[in-house]
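Below: a set of structures, written as structure tokens.
Here come two complexes built around chain A, the first alongside chain B, the second alongside chain C.
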Partner chain A sequence: MASLFQRRRSKATQTERVRERRHEGFLRYANFRWAKISGGLCLLIIVSYALIDVTPRPNGGSWYGYTLGTIGAGLILWLTALGYRKRKMTSDHWSLKAWTSAHVYLGLSLIVIGTWHTGFQLGWNVHTLAWVLMMLVILSGLYGVVVYSTLPAALSNNRDEMTQMQMLEAIRAFDRQLHAAAQPLTPQDTAPVLAALDEDPFAGGIMARLSGRYPDCATAAALRALGASRSSDAGAREKVVGLLSQKEVALARLRQHLRIRALLEIWLYVHVPLTFALIAALSAHIVSVFFYW
Partner chain B sequence: MTEPVKVAIIGSGPAGLSAASRAGQLGLSHVLLEKTDHLSDTIFKYQKGKRVLATPERLDLRSDCRFAEGAREYILGNWDEDAVNNKVNVVKHAEVTAVTGQKGAFEIKTAKGDVYHAETIVLAIGTQGNPNRMRCEGADLPHIIYQVDDPEDFKDKHITVVGSGDAGIENALGVAEEALENTVTILNRSKDFARAKAKNVSDMMEAGENGLISIRTETQPKLVEPGWLTLETPTGDEKIPCDVIVARLGSVAPRGFVESMGIEFTGPDREAFPKLSPTFESTVPGIFVIGALAGYPLIKHCMNQGYDVVEFINGNKNLTPADEKDLAAIFANLPQKKSVSEWLDYLRERVRIFADVSPLQMREFMLDSKVAYYRKGDVVFEKGEPGSSLFAIADGHAEVEVGPGITVPIEQGSIFGEVGLISGRKRGATIRAGADSIFVEVSRTAALKLMAAVPGAKRVINRISLERQLLQIFKGGLTVEDLAPVVDAAEVERVPAGKVVLTEGEQGDDVYVIRSGSMVVEKDIGGKPIFLRYLPAGSFFGEMGVLSGQPRNATVKAAVGAELIKLTGESFRRMLAARPQVREATEAAVAERAQMNNFIESRKATYSSAVDLYSDTASFIMKEGLGEATDALLIDENLCVGCDNCEKACADSHEGLSRLDREAGKTFAHLHVPTSCRHCEHPHCMADCPPNVIHRGPDGEVFMEPGCIGCGNCMRNCPYGVIRMEAAPPPKPGLLRWLLTGFGPGPGEPSPKWTKKQLGDEKPKKIAVKCDMCKGIAGGPACVRACPTGAAIRVSPEEFLSIARLQEDAG
Partner chain C sequence: MSFILRRISTTKTGKQIVRDQPLPGDAITLGREGSNVIHIADLAVNPHHATITSADGRHVRVQASEGLGFDFNGRTVDAADIDSAAGAELRFGGHRLTIAREDEKIILLVERIDELSQSSKDVDEAKAFSLAGVMPGKRMGAWVFGVLVLLAFLIGPIWAWYSYHDVDERPQGYHADQAWLSGPLSSAHKSLTNDCQSCHVEPFVAVTDKACVGCHTGEHKAMSMAHANAPTAMLLAARHPPGVGERILAGFAKTFNKPQGRCVGCHTEHEGAGPMPATPQKFCADCHDGMSARLIDAGFKPTVADAADFGTIHPEFRPLVRPSPGAKPMRAMPGKGALVDYDGLKFPHDLHLQATGGVARMAASFRGRYDFGNKLECENCHRVESDGVRVKPVEMERDCAMCHSLAFETVGGVTRTLRHGEPDQVVADLMAYYRSTPPTRPLQLGGMERRRPGNYAEGQVYNIYFREVAVRPNRAEDAVRAVFSKGGACYDCHTIFAPQAGTGWRVMAVDQTPRFLSKGWFDHDAHKETDCADCHTAARGSKASTDLLIPGLRQCRDCHVGEGGARLVKVETATESPCAMCHEYHSDGGKPWMPARQRKVNSAAITNKPLRATYGVSMVTGSAERGLYDVTWRTPALHGARRGG
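And now, the complex of A and B:
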């Protein structure tokens, strides 16, 4: 395994700075270094579990169980530290990509470490609660890995070189033009347009945000209403309808943007709180184990 | 008709006022002519409360007027007092229109028809020129302004912009920002906007459609009253509310006026200054030029010159300039002891590039230079070191290490280090002192200034650098003598971005060396131009034609605006014939290039899509101006999750401001070029920095040292919009505190709202903020370190477009 640890840190002290020169994602980082390490660890555990005959039976309380438990608890705490590492811009040489890579693969190895630590003894108690929470955290993390590797391209395609601010600005520009263009309309036609102008592009709640479906969209409603209306001057109405459909396209882009971003972020609202619940349950698990030593 | 005076001073800015004060103190008969009704119009027109800085700090002030850093009002107040205390004879509303006569009897006419007689004239009119004034009734009211310093000074106002050239449109767009809630009207006398750039016109039209600006064509002002403006429109007069009028009607530059007196300039270009003697005397005896017009934009310089010039006129020959002690310090560490002027003469005599430099220029120039004594064998710089300064050999000689154990001497009087100066890249070779020597180290900016001001110096530097460049490229025992015919026949060509220099299939045998900028090589394969190679500055092309006599086998065009040296095929062939080793080395290079071309062609047959993608990506990268980059941030949008951790890391690694905008910028095939500094080979931002604080650092980074005066030139000069003018936010609570208690704005750049709340009414000075490639941070660029998915990388174009990349992409 020594070759896996050809550290670049010694190089970093040389005059040439260590920089990332190629686009290499966190999953492939350093030729799957952390996948290999964590895979090797899992294999080691599975094989040794089969070979070592713990008496009276495999159990979290045996010496072997304690070993796995200590490794697992340590790992959980270290994995949690990613949240701190990510935000703490110290000046020494580290790569958040390497941390993410290790986080993902070592996190996955906890499935084996944690489960084999139990000796497959699960029940309705605080110990199993910690195990269940851990599995849920890993599951939500898996979702994160999947969306991180599939959604960015869609996000990029949808925004088409526009920034979120520009998308909002585009909608506001249509609003201003609509405001001017709607002046000649009859009050009956003006009402839906005004409702469309009042619409907050961010409104709609979490379900709308995640699904991208906005059945109560005031712009769509105004388009329908004006399409069916015969009351105002046809030319003026046509202009407003044109602007409304342009706004609808702009809105659709923004909503798709927000949807993908939400999908990329939503899991963190599960992953992180569950991690803290896990740490609480883990503490209870450890304290109770030693209390009943 | 007034009494003749000894000296007439035209212009009452810092230079003119200081000159008049000295004259007043000396009891010289004088007159100070000012065209407006107040002193120092340029500074008077600064926005209210603007802080004026007193740079350069190391220079002592020598003037009868006070000057220290302070608010505009404080400085102007001091000067008004000083003018009275120094018994300055000032005439306001005296706009000089013509100067006739000669030394001893000049006649100065003003716009009002007054005539002044003077023995000598000090010209201190600055470079602003005269803005054309409004001509309608009420045109002298104070709410008419001729420039907008900061659009944010205007909130909730009715503003009318008169004049629809670029300046007018830009001002109108500035004050029409939605958040400022101004009601903005722009007037145009004619129907269309022929004088403005298309981009400005379309921006204005868009703002008009969005209701931010009311655009009125065929309309002009008729009557200005406080709070109201009457317009003459095609449908009759109309009165609109108006709190501020911004008049942008163009201006008359002062050069024509100066030349009308017979004063010569150093050259025809816009940057040229009047030719001056060491006592600031122009080519017309008796007329002295000081201040910004003489090429000194800083207030302190101007004030010192005002003092000095009057002392000179008064016959003081022993006056040592205010910079004497600074210059003495520069020469203090040399083994020989000489006076400052002896040293300056010594350098001018012994160094070729200083031969044509005037004593006055030499003084100025030495202030930005260093002189050092080296013992035999001392290393001046190492190969691969960054550095852009130029060295001149005043005594002794230098040795260039061209290969292991092989050195080439450079003789006294010559220069070295000029490659860094011209291409902005790392040092090409190690240089040692060949004997006990004295070398002058000239900063890049000072050297460029020298080249612009002294044509003789420019010729020498260009010739030497061309010889060296050729020697470096074509190794194999070549000497300067071998090169003489090649260099004599060489021509420098400037090519704009995108211009084709060589066309595939055409006959030709000229060889080109890229002096600055970069080129791309393309080949037509299957009816589509395929990108073969990126050629950075310092490489050469066209040599295959000379060696083989075949038509050009690929097309070469400029990736960015570039400077090429064209060598004729004939002289090049003769040089090769004289030196067989050079021919061999060149042939080897050709073979290597040909091999690479063949590789791409063979790939094209089997992995067509990979080659196309590589080629299209290369074109995109070049189109985005990365051809002049040395180190740029690229984001792979297949990996970027939009967490903006790069921006947050950037802000947290610096003083709380992010230097990059991840989301903005162009994208091709999911490769995104964000708005962030590329550390251009020839940084546009460096072009015009009055305090000269933008430099290239040890890792090739272009960074700003403290001392920015907030003028915004660099921001405007940057074609990529990566420089912000911003004040650093106040320090925020620590990360743990935020994580645990939610106190503070959290990681990254704090919101303007938070900053505003912390600062209260305080309005800190905005200075230029740009990427410094995390200079001085051991771990390297924070944006890359903090990317959780590996989407962000920093590369130079040649690294990114390497053949290795194509090989990997093709599998």
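And now, the complex of A and C:
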């Protein structure tokens, strides 16, 4: 008996090794097992909806609607549990990868479950609010899946084998050099350099982070000002200008890094809070149905 | 008097090294340029920023030289006088100059207190490089959104319910529980939109019939008579065995206390604005499809045949008929011989509807006086009621007397007729006629010429005339007999009973059934585009009035198919017909209710025969000479079904 378990375990380990070697992500986990299950579920719902004649008309209150609604509500709670699962280290069959794969594909199937649960009756009420929130959560999650599969490559290309602290350190180095090199400059010229030194590389709101555009960038402004200035010693100024443009490049790399990270992270700021708004709306939806039964 | 410049540097291990350096001269210059006595490598400091002097070796004056001041006690000033014994802190750019007094000497301590640049500051890598630095936290967002939604859509509506739970009628305006409205109310209940509690009286209790009856007093019986009189066990046995879906629904209903058989079971609300939808066929067919077998199994005697869909499974009609002369009306049993209905009249439809022959020629001769054509049509004798639903009983004076005249005498241009429906009066009138009027006087008896003897001889004029005068009253008996006997005016149409002891001439009572199909509703008005003979197919060949000319199921199915379009025969103009098109549930025998939008018949095909109404010219306008052809066309195919039925 013990040897049997051992064999199974060793086989499982072997399969896991193969997966590791081929770097099987959560999307293609177990040869798209959850994609198939979820697709089959959607197909079943769409076909049965077309075949079953629900009276008096399809909506959430028919037996078919109740069934879909129960499945959907359970699914929403289970999908939310990913946040709990990912914080918990376990070593059993439900690997986090498997869980995430199921989360993504079953979450997508919720589009069909939830929408077909409505019977396509939508209006300005809490019931449709729950549906809208659900769709927003799913769409933000879909965005997350897409950026997770496309943006990390761009992130890696941009960092050019630097860590993010090394990027910051490069800027610091340029700042020190700038500070030293700018000493001979006239006060008129030092002001823009000082502003450039005073600039926080992490400044800028969410819009600047997402767009990667910093129109008020002090480094760029200093570069422009010193390029036009004639007041200081030309040699010292030239050195400062060279350092400023180098800093600008380093800053651009950091900002691009920040932008890609923002694009990678922003969906979670929609996904997670709206999930809880959805659970609140779902509770109101279910309570309202039974309250005014 | 001397100034000491103190510099403090910190080793990596945190040890501080203090170096003091006496400064030459009375005036100490301070600036970024190397020529200053105190050289501060700080871009925020001017090349020649300030001069520090002391007149008495104790009080220090700091004077800014190039317009850019310094910070002293939090304020930017251009000059400051400081008692070194008291000490002071001045700030030049990112550096701090501390003035103190030790051993009669003025100590100037210069330290960099600001970072060289903003980027040099320490950062929390996890926070600075992620969005956490610029976005409110996810946890915070989750709480805020969650609480807001719960407040607006759960607490608010419950509060709205609680505020008005013992109020009869809510005030107008928005109430939070309107957010729970699952769909618009039907037009009849539209005014209740912001008063959820008018129907949902108790929380977690499904809408009760009591809430309906609160307003619908009287006009709605809870059930039709047939259903109300049936034992509950029988009604339960009639229901079809539940499928998977219905078991799920029943499970939900049972678990969450949603009783079945309430008004709202059929009259579903929140299904969209506009009239409440008619109850679909399935609500009837759920029981009536295959019901008799289930009833027999359960030990009940079924009284109605199975019906599932008008197009496929529907029993043959059972019109009310009188199976023998003078019998009481009873429902016919189709399939047991030809259907007969004794209404007491003799009326061969075939004779009257012939295109040629005596009747047709007589009708043609009356053209202009009556609305006759070249021959008689059904509508020449059969008139519909004012609402168009049914056909009026035939009335002799109105519908027959155009041809079947009962006139017997003209007095001064006025025609006297026998009284219809009163045989005793007829007898009396004929008697009086024969008694009061002499026979026509021969011409020979007129004039003033001398009368010759011999004219009184038998066979002569006088003899004939005066004998006639003498016996004339006795002729009345013959005339009466003739009227009531074969060949007479009454006998043609009525069954006559000859006088017996104590009675005179009697005519059999005529019973025209006003409504043959009492369980279903038929509206002639809805079918007025159709020729009578299209449905009453047997009329043209009917030789006796006992033939029942009510159309059967077969004729209806020429156009009417099941609710879902099911049919057994080929149909050109398919009219989808749910049960509720003909059957009324609550008031047995009444007109079935149907929402206006469904009154327009859902025709799936267009008949290939254009209706007469579409090309019949209704009016020619304009003067006779010009614009003769400006015609107003009748609106085509305004089907009567739009107006109900």
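Here is the rule we use: the second predicted complex is superposed on the first by the 268 of 293 C-alpha atoms of A that agree within 3 Å, B and C clash if a C-alpha of one lies under 4 Å from a C-alpha of the other, contacts with A are read in each partner's own complex, and residues count from 1 in each chain.
As a working rule, contacts are C-beta pairs under 8 Å (C-beta built on N, C-alpha and C of every residue); 3 or more make two chains touch, one makes a residue touch a chain.
Predicted, not measured: the structure shown is a model, and the values here were computed from it.
Contact with both chain B and chain C is seen for A:176 once the two complexes are overlaid on the shared chain. Shared-chain residue A:258: touches chain C; no touch with chain B.
Of the two partner chains, chain B is the only one touched by A:97; chain C is not. Of the two partner chains, chain B is the only one that A:151 touches; chain C does not reach it. Number of chain A residues touched is higher for C, counting chain B against chain C.
Look at A:164: by the touch rule set out above, it reaches both chain B and chain C. Under the contact criterion defined above, the residues of chain A that touch both chain B in one complex and chain C in the other are 164-165, 176, 179-180, 261.
Chain A makes touch with chain C in their complex at residues 52-57, 59-64, 66-67, 121, 123, 125-127, 129, 164-165, 168, 171-172, 175-176, 178-180, 182-183, 185-187, 190, 193-194, 197-202, 204-206, 209, 257-258, 261-262, 265-266, 268-269, 272-277, 279-281, 283-284, 287-293. Within the complex, the chain B residues that touch chain A are 206, 209-211, 634, 636-642, 645, 648-649, 652-653, 661, 663-667, 670, 672, 699, 735, 739, 746-747, 777-782, 784-795, 799-800, 805.
Across the complex, chain A meets chain B through its residues 12, 17-26, 29, 83-84, 86-97, 99-100, 148, 151-153, 155-156, 159-161, 163-165, 173, 176-177, 179-180, 261, 264. Those residues of chain C whose C-beta lies close enough to touch chain A in the complex are 32, 41, 43-44, 46-47, 66, 68, 116-120, 123, 125, 128-131, 133-135, 138-139, 141-150, 153-154, 157-158, 161, 177-184, 196, 200, 203-207, 245-246, 248-249, 252, 256-258, 268, 271-272, 277, 279-280, 282-283.
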